[in-house]
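One structure coming up, written as structure tokens, with questions to follow.
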Amino acid sequence: MKSFFNYIAEIFSGIWTLLTGMKITAKYFFTPWRNVTQQYPENRDTLVMYERFRGEVIMPHNENNEHKCTGCGLCENACPNGSIEIISKSIVNEEGKKKRIIDQHIYHLGMCTFCNLCVRACPSDAIVMGQKFEHAHWDRSTFTKVLNQPGSKIMEGIKE
Amino acid sequence: MAFEKYDFTPITQSIHQGLIENVSPLLTTIIEWTIIGVLYLLFIAVFGLFLVYAERKVCAAFQQRLGPMRVGPWGIIQTIADFIKLLMKELITPKSVDKFLYNLAPFIVIIVPFLTISVIPFAPGLQSLDFDIGVFFVTAVSSVGVIGVLLAGWASNNKYSLIGGMRSGAQIVSYELSVGMSLITMVILAGTMQVSEIVELQRGGWFLFKGHLPALIAFTIFVIAGTAETNRGPFDLAEAESELTAGFHTEYSGIKFAFFFLAEYINLFIVSAMATIVFLGGWMPFHFGDWAAFNNVMDFIPGLVWFFLKVFGIIFLIMWFKWTFPRLRIDQILTLEWKYLLPINLFNILLMATMVLLGWHW
Amino acid sequence: MTNEQLIAHLTSAYPDANVKQGNQYPEITVSHDKAHALMVHLKSDASLAFDYLVCESGVDYPAFIQVVYHLESTMHRHFIVVKTNTENRETATLETVSDIWPTAEFHECEIYDLLGVTFNNHPGLRRYFLDDTWGHPLRKDFKDDIHVVER
Amino acid sequence: MAAIIEKIITTDEIKTDEYLVNIGPQHPSTHGVLRLLTKLEGEIVHNVEPHIGYIHSGIEKMTEALSYPQIVHLTDRMDYLSAHMNNEAVCLCVENALQVEVPERVKYIRTIFDELQRLASHQLWWCASGMDLGALTAFFYGLRDREDILDIFEETCGARLTLNYSVPGGVMFDIHPNFQKNVKAFITKFRKKLPEYDKLLTDNIIFQNRTKGIGILSKEDAIAYGVTGPSGRASGFSCDVRKHHPYSAYPYIKFDEKMGTEGDSFTRWKLRMDEMWESMNIIEQLIDNIPEGDFAVKMKGVIKLPEGEFYQRVETARGEFGVYIVSDGKKNPYRVKFRSPGFSNLFTINHIAKGWKIADLVAIMATFDLVIPDIDR
């Protein structure tokens, strides 16, 4: 007889646990304003990434088309994947001295793992992490970028 | 009564009269059959697509998502787009399948809802077959579907499919019993197996209320067993995604897959419709005792609306099960049937019989 | 036991093994033919009871391949490093310890795969990660012109 | 007729064959590219042979060509759900080798991140296991709550999954000004959400039947097979590195090592749920007391480890993670070995799953919380 009551009790406790579960899902069903889905391309205007977000490596230029990169190559050394290549050239400055400056700061976005080591390595804060994250593209060759803009110069007062 | 004005009998009768006066009786039958066939085909296609959409939206709401939103406003033509995609897909037949049975299986599966839907009374006068053994017909025909599932599992020459098919076989054979028995319980109360008459008998009150305790037990069991019979979660072992990838329809693609998919949803409709008819009074409006004003208002809502409201209520309940519970294991499914549902059901039949004999029902 | 006690105990118990205090843990270096017997003792000796093989790794040195066992006792909570060298690199062979610690079975498969050390009496030595067309990539002389690009 | 049946039964003429099923490499419940060569008889599992290596990335070989800060960022990619713990292990190993004492602030930050990462990992485990057992809604609830932690990570260190937050000598950035506020808000919120997890699954009768008494791993076997982490502790194997070999800020705080005794799937499940509560306790002890100071010590531009061997153990969300560095005094290590918890945990599956059904095999795998890149490395 005891086992019979156990049997009945088992059924009711079982149904009770099922109903508590259903209560949870029902709670969310009937409160649709709590939905967490973000309609991504539509909310693009209001979408703000966190300031530290690591989207890509960029080299900020000021209004005179000047950057801070000296072409020292520390970021190239720090990069674990070889996604940065520094091509430097030597010029003769006004004082008649030979000087090596940056020609092209090549950045392979396709190989980058966004580890931030290059930004840490940079002594003159020439490169920073950008917030852009929509990198998808039809053509792989567009992932190879030259970070210093054409015709840009190094800022005054950046130590070699 | 007021809702009698929504009776479809005059319309169908006038069509029949018009045809029989103008053409020969044979042609009349043929034309009527064609019309009915096309109507059912349309209904199944449209309602199936709608149910797929509803399922996606309902499950999204349970999961705090939005569901399909891209194709059309609120994604309403998403399923149509999916259906077109499935139609245009290549029908891949794997190399070493049993070709005949492999191709036959989806058709057997899709035939079942077409057969069973014929006895469903949607509204007064809107029913194509009115057997005196309607309830029996539904239980008999719905078990044909398992043959299709078994064939699909076996003919696919895939071990996952085979396991899925065998699970489905074991499961449906067991749960058939519960579905049948809970219907028998209600047949005892009704005293008839004719579907239209069962609905008509609930004019004074739904059987769920008339038969109180045993009817409630029977209803619960019917919903559980019906969920299991349609292979839906938490009883979706035959296609248990995390175990068998897709179970018996792993190897099917394109429209053949769509047949399995559609059949599942139409079966869902049929189970809900049967529950509505037998327990919730079919297209009968909801009446409350002596509240004449309330009852009159209820009567103004057409029977068709009542029917679909109730059906959607039960479909929602079954979806709610699916999106809340984890899946059972195969032996637990059989344990649930043979150790719990069946004994309770047998006891319930006895209870109901005693009640009807002593006139304890309302 | 503290590290000092452990070293003292091990030195007296295993005179032919080289016991010293490493950077963090006591280390025993033992020749490959005595390694298995030593490790059976390390587990069965009640005062040591090293029942948990934390890590088994192989290191490729120019003359031999060293297999390093990091052992811990779940009872006494002391930790020890056992090192043993294969005779040579070409036919690097060691006795399996999977009969002592079942987990070694899988670590040894990994070492066999990546460093090419064959373990005798191993229940199912097979390559876990790579197929037979590969060499043993963690060896220092491994050259793969197709998959590895030097920059 | 009866005689024929009798004959068939007695002479074993009805034979059911064992058959092989490849569960994986592409299978919903293997959580990655893992192949389980499973020998079945009907639904009963007779033998499971895990085949790995489909996403072997050769991290150990790659590290031999990289400097130590660069190695740290590679460890993100092994157990991506315990990225910060993996980072920390390498950093601690390097710091120990160089005898560098990191500031107290760093220790606190690292420990908070450890526990946040553990919470995030357990949330993902919870939802993925729920999905394995057929409760699809659980999947979305778990991911929904994990999103909050990932936002906290993103705000402070700019990445959500592959954090690379620890560097030898400290952490990469100081914590964001909003960090403490957000973490506290998250804890308050999650303390309300976690009981829902229990109501939805843990207390559910179907779920309990699916997991209770299934896949029992004894304490002796757990030690012998080196099963660590929540899976090992569920068997009664006290293996919490945070407790036995405390690192970072773990010596300063009070916390319980959650232990189980049964060693079945349900205990493993319950233990992880308990660990989530414990992680929240740990974070609450630390979050208000982060000392002021530097977030990193100044390290040399090129970090060279002294000659020798170094081993560091940390507790990740899956178990004991070990880094074994052999250095020859150069800026690149001579050899790095990662002792990953998933590797040892995975290979017990044959031992445990034998004799259970396929559905149980899935449940066992779910409660072992496997991350395949952790196994393949």
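Each chain carries a letter (A, B, C and D) given by its place in the written order, and its residues are counted from 1.
The rule is short, and it goes like this: a contact is a pair of C-beta atoms (placed from the backbone, for glycine too) under 8 Å apart; a residue touches a chain by one contact, two chains touch by 3 or more.
If you're wondering where the values come from, they're calculated on a predicted model, not measured in any experiment.
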Chain pair, A-D or C-D, that carries the greater number of C-beta contacts: C-D
Centroid spacing, where centroids are CA-atom means, of chain C and chain D in whole angstrom: 25
Whole-Å gap separating chain B and chain C, where each centre is the average of the chain's CA atoms: 64
Averaged-CA centre spacing for the pair chain B and chain A, given as whole angstrom: 51
Residue list for chain B, restricted to those that touch at least two other chains: 62-65, 323-325
Of all residues in chain C, the ones touching two or more other chains: none
Touching two or more other chains - residues of chain A: 18, 21, 24-25, 36
Category of the chain touch graph - line, ring, star, complete, other: other
All pairs of touching chains, each written as two labels joined by a dash: A-B, A-D, B-D, C-D
Chain C contact footprint on chain D (complex, rising order): 51-53, 56, 58, 60-61, 96-97, 221, 223-226, 237-239, 244, 308-311, 313, 320, 322, 324, 326, 334-335, 337, 339, 343-344, 347, 376
Residue ranges of chain D touching chain B (in the complex, touch as defined): 19, 21, 27-29, 43, 130-141, 144, 200-201, 204, 206-207, 209-210, 357-360, 362
In the complex, chain C residues that touch chain D: 22-25, 51-55, 57-60, 68, 70, 74, 77, 81, 101-103, 105-107, 110, 114, 127-130, 137-138, 142
Interfacial residue positions of chain D with respect to chain A in the complex: 66, 69-70, 73-74, 137, 144, 147, 151, 154-159, 162, 164, 167, 172-173, 176, 196, 199-201, 203-206, 208
Residues of chain A touching chain D in the complex: 13-14, 17-18, 20-21, 23-25, 36, 50, 52-54, 78, 80, 113-117, 120, 129
